[in-house]
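Shared chain: subunit A. Partners: subunit B in the first complex, subunit C in the second.
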Partner chain A sequence: MSDTLQKSSDIDLDKRPENGRATAIKSRLTSWDSIILVLTVLVLIVASFSVENFGTSRNFTFMVLDLLPIILIALPMTMIIVTGEIDLSVASTLGLTSSMMGWLWNQGLSIETIIPLCVVIGAICGVVNGFLITGLGLPSLAVTIGTLALYRGLAFVVLGDGAVADFPWNYTGWVTGTIGGGAVPNVLILIVVLALIFGIVQHATPFGRSLYAIGANAQAAHFSGIRVARTKFWLYVVSGAVAGLVGVLWTLRYSSARADNGSGLELAVVAAVLLGGVSIFGGKGSLPGVLAGVVLLTALQNALRLEDVSGQALNIVTGSLLVLSVLLPNITTAVRGNYHRRRLRQAASR
Partner chain B sequence: MAEANARPQKADAHNDPPQTNDPLPQANDEAKVANDPLPGASGQPQEASDRPREASDRPRKTAANTQLARLEVHDVSKSFGAVAAVQGVSFPLYPGEAHALVGENGAGKSTIVKMLAGVHRPDTGTLRVDGADVDFAGPADAKAAGIAVIYQEPTLFPDLSVAENIAMGNQPLTKLRQIDRKEMHANAERLFRRLGVPLDPTRPARGLSIADQQLVEIAKALSSEARVLIMDEPTAALSAVEVERLFAVVRSLRDEGAAIMFISHRFEEITALCERVTIMRDGKHVATEMVADLSVDDMIRRMVGRDLSALFPKQDVEPGAVVLEVEGLSREGVFKDISFSVRAGEIVALAGLVGAGRSEVMQAVFGVDPYDSGVVKVHGRRLKKGEPRAAMAAGMALVPEDRRQQGLVMDLSIERNVTLPRARKLARLGLLFGGSERAAAETWTRKLQTKLGRLSDAVGTLSGGNQQKVVLAKWLATGPKLLIVDEPTRGIDVGTKAEVHRLMSSLAADGLAVVMVSSELPEVLGMADRIVVLREGRVAAQLTRAEATEESVMYAAMGQEVAA
Partner chain C sequence: MTTLSLHAPAKNLLKTRELGIVLALALLIAYTAIDNPRFLSGQSIRDNLLNTAILAVMATGQAVVVITRNIDLSVGSVLGISAFTVATMMSANPGLPMIVALLAGLAVGAVAGLVNGVLVRFGKVPALVVTLGTLYIYRGITYSWAGGSQVNADELPRHFLTFANDNLLGIPWLVLIALIVVGTGSLMMRNYRVGRELYAMGSSPAAAELAGIKVARNLLGAFVLSGALAGLAGVLYAARFGTVDAAAGNGMELNVVAAVVVGGVAVFGGSGSVWGAALGALLLTVIGSALAVLDINQFWQQAIVGALIILAICADRLVAVRIARSLRKRDAHV
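Up next, the complex of A and B:
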């Protein structure tokens, strides 16, 4: 009896047209993007008052430099995860381009040639991923775990255990420097420009719209004339190219080309994207949420480090945060659903 | 209901003793004939198709039917939402009889099967096994009651051996409670001997033909001592020789006293195998009679014979230029040599049974599916194949069969769904602004009188009929010259159905060319100017509106000659 009642109330719940602007605003406010945005601002405010040196311009510069690789790689990663796929090879692509950069520099090429070449190398890594996934129809998780190992291995083949460090100071200086010696790091411009471009593409173009359709229902997207495979292919190419660019920036920041640069970074990126409210199953998520997620993670780590919290404890905090980010939205929808159902049941029994 | 309780007269007349004690000689005999595939296969299909008729003329040896029904469906009803799939159906199934269940698509046959299999529970009415009421909570209960169901596409575990499949859930154990493989194989071998089929129990199920897979399913049913065997269109994918072999096995089981329920669209099989037939129409029981007393004509007439009170308002339009030409379209194993054309202002219906390849043809035409050979032309220009975007650019739109999987992205908002195929056209300087999408969605949902809350609600929150309107809005917004609608009114309420029909009619009057795939005969007859009937992947007939009647369409769809 209660079984049938529950079923009918489910249907009612589904069919009920939620009307009015008030509910629109309410749902906007309780969406995960906004929660994470508020949380991020809160962490920044609390940390700048309670953590010594957190609010200094020097620390701000460091934080932005720490953000840089995660945030840039997260831009295409968000799109990829929205389509229901994943790219775990990004950090290895970064390592491979870093190695190539060192090797090419040793060959005597000019840095002006090397930088675009490295971006192209990253893009080629993406082409390989894209072909295996969309051309041969292999699952992206398996493919990019494979190329994660493959590209890192190639990085070691290229450069071995050594490091190349003698990059021109005007380039390394630009990456670590600030605008006019002030508080705003040079790379922040890069972050802002790229985030704007990716944000616009994802949220205000037909291409961006198609990503959500693909992630939510690839078959319906196909029936609507969207080229599913081609779209995914280009996402992997862009992801590779961005990873290549980050490989360059990483090398210049530490003035050191090494094969193991950025290892493990892919997990930080995926963690940040999921924390930002993107569904691992595809079809849901926004870039502002992801940006907030990256800032939250980095700020929290930075503040804890300033408080001399150990590395292990840091991992515990980021890990818990990630689990919570997946758990909380589920709990809130479950609670909301229960509340609705109870009300409907009361209405029915009356 | 009086008809439903009619006992098989033939069996009464013969009054033979039960054959249960001595079934084997005959079974082996028939199996031998059937296992020799060469005569029928080597260019003499005539023989294969003739054989069933011979068989039907032979006097049947059925078990004595003085006992009560093995299985009885009594005044059973079942609804899904607002759709009454089965209403007050009753018929008995006696031991030692093969009983056919026939009806159009959607007549309620599958619902009956699912209730007997324990998949669905009847809303009202009872099922009785050997006179006792039963209530199946799940398929396991039905199995325990001795009911086995063989589906059109068997569901074996491909990587397990044939013997393991047969013993699944019921494995013989050794004293140490491990699976007794020797006993399991011996068991399977015994069953195959009894059925007279030469299958190796140790081979994996993967790679078996569908016919052999069905035999494995039957063996499985026997191993669990099933006394009622329900076969849901088992012959759809079989060759004539395989059908005959299956029938030999089924006949021997019947003669051993099993009750067989057989669902098929092929009348020659029904007359060859079954003694009695139950006819259903629109979820209701029409008749249960001796097959021998009915001609194929009678059966078809009773399957379709409903009043045409539901009127469909297709206006007469002078057809314009040819919009779509399909020439010799073929796809290996799916459809072959399909040719037809559609003019502006015309509604052409693709009729046929489920599985005849109608949707597949139209999906190939639209480019979402590939095809092997043939030509699709729109306004005389050849269309690139496998490219939905090219079809859309040529002015084609497809409202697909499966609204939930193909038509809509359920999690996306109504406006995003409406503008999905034409987001590119709505963009200015490559950018989409919320306003233009909303305005476009607003216009079309209003035109179609879609009942909705906000355009930003997920489309999944709407009712089926309104979802269908969103799909129509989505495609009409692209301004098509050729509209393909696949089952445009499936699963939607009567009022919305009439709206959809009126809409299609007025669109055609405005010069749109329409191709409609539909399984509902009244819809086909009411809406279509011309009807292309497909049967087993081929064009069986092209009928004009004047030529088309329920009977002529059904005859063509079932591969029968039109009775003079």
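Up next, the complex of A and C:
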């Protein structure tokens, strides 16, 4: 994102403004997040025509439910990766809140108390990450690999390998149900509302812009008055809280609180975010691209499952897309660079 | 001369870093042995070493990659694909000697590692992204090949299965291989030119390139090594457990990274050692068995591992701060 802006403003200086705008639009259209958006729409169209039962409202509900955990966790994860950090502990936070939910329910607390409590527990997990990373200045990759093990371990300490399953039906039913029994799943409202909030914050507020500044150059951001450490700290807290919320939703969806709920989900989320065009080095990427990435992965998985292709074989597609999402832009840049240099050399020899 | 004297305090501090793991290990073993002397019996030690062997082999490759300021998350999937390949091969051709199985595993892993290395170096894709991608790809290949099937112990030749428990001079082959791998790896990283170049690449990739180090060759080498050792670990896995399905080694990458980080290899490269990483693998394994002996809820193991990782990173940070301070003092005197 910031790179695109940078490039177009450079061009504005020595070319006519219309030309600059055209270039900006062109680079916008050929950027990875637009490609992924088009790809997603294509997959959805092709799948609804060629895959039996893909377009049914029942399948749509299933797809949204499969989408739910990855898309919600991806919202704060996008911001974190844009600032150049990472949070690998999210799935374990989900597991810990799921465990705590089961344990608290066994203690006889009401579900209305448990749900906010679980979100708070998630936020506390985020506080620990945030403190270790911004307070002590430790590398986020290593810290969150550590808390990945720690939170998952605590989840097992809380609940062992048992499960708690007797959650009230009106809550589990709400998560899997649709609005008025129609085609729109209840949780879709939640996804839309949260995506809108995160989207506006990331793309239309000074705070959102500051995330890109931090990711592009943390030191420069610091000297221009952005509170780098504090911003990152709160991102981790939000990430933890959202993971906690997803822990609750996951538990209610399957009506089962287990310590191993959502294990391995962190890699799927990171893969979706990177697939959506966010740079692992920070400073680049957009939320629409990420949302498209998540939808693409889920739709592919769903369509292949309906076609009786093993979901595990889809891993090949996921992995290849992930690598290609970074490789292709690199190749085009290299080719463009070569072309540019040749032009310069020709101009010099003339 | 000046570079030498600058290096001395850094080296000493790093030495204490590995000493810390040895002390932690000694303390843990002493405490557990006092509680239950059987913890020090031959059988118990043997079990611990056997359980460490596979992890230590993979940690050696991972340590080399991490020292160059990269990471290899695909090792669990490489173990899986290698274990399944070798198990299928051995069940189809029971007459093949063990050495062929070992070489096949090494080769499968080396190819997988080469793909990682080429993408990182020539595709200019960050190692984290590449190996996260190939984690999925290699696992996906194994799944679409194996489907739901598995190779059972009764389909494998006897000499393949007994390899895990056979001894040479009283030391199980598995442990012997791990010792050779760790020993050679440590020696290479400590005393050989290529090893020191890998450290230089991790300390400052740009400076290493400018200093004329063959960065591309070394980096490919590091990834090929990590892949090959994960492949070797796959053979050892198949021999030790006998039953191999497409999920073999799933999630193993996190244990390996944990062992390396606990063993004092900093995630930002340029410091740590292979034998430290192997000690990390040993410590993680011993914690698991000590919990069982001490009759502590097994579920605590993962939480303790997590806490240990964080402690290890804090210790690294402390070392880094102390080095920075001592360097600054030195500069002030000059």
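In the analysis below, the second predicted complex is superposed on the first by the 328 of 350 C-alpha atoms of A that agree within 3 Å, B and C clash if a C-alpha of one lies under 4 Å from a C-alpha of the other, contacts with A are read in each partner's own complex, and residues count from 1 in each chain.
We take it that a contact is a pair of C-beta atoms (placed from the backbone, for glycine too) under 8 Å apart; a residue touches a chain by one contact, two chains touch by 3 or more.
Please read these numbers as outputs of a predicted model, since none were measured by experiment.
Looking at the shared chain after the overlay, A:K284 reaches subunit B, while subunit C stays out of its contact range.
Shared-chain residue A:V335: touches no atom of subunit B or subunit C.
When both complexes are overlaid on chain A, the residue A:F223 reaches subunit B alone and has no touch with subunit C. Of the two partner chains, subunit C is the only one that A:V143 touches; subunit B does not reach it. By the touch criterion stated above, A:R209 is placed in contact with subunit B alone, subunit C being left untouched. Of the two partner chains placed around the shared chain by superposition, neither subunit B nor subunit C is touched by A:L109.
Legend: residue contacts after superposition of the two complexes on their common chain; A:I189 is shown touching neither subunit B nor subunit C.
In the superposition on chain A, A:N315 makes contact with subunit C only, while subunit B stays out of contact range. Comparing subunit B with subunit C, the partner in contact with more residues of subunit A is C. Contact residues on subunit C toward subunit A in their complex (touch as defined above): 71, 119, 123-126, 128-130, 132-141, 143-144, 147, 246, 251, 254, 257-258, 261, 267-268, 297, 299-310, 313-314, 317.
Residue ranges on subunit A touching subunit B, taken from their complex, read 14-19, 24, 200, 204-206, 208-210, 212-213, 216-217, 219-227, 283-284.
Of all residues in subunit B, only 368, 388-389, 391-392, 398, 400, 405-412, 416, 419-421, 423-424, 426-427, 430-433, 452-454, 456-457, 460-463, 474 touch subunit A in the complex they form.
Those residues of subunit A lying in contact with subunit C across their complex are 132, 136-139, 141-143, 145-154, 156-157, 160-161, 259, 263-264, 267, 270-271, 274, 280-281, 310, 312-320, 322-323, 326-327, 330-331.
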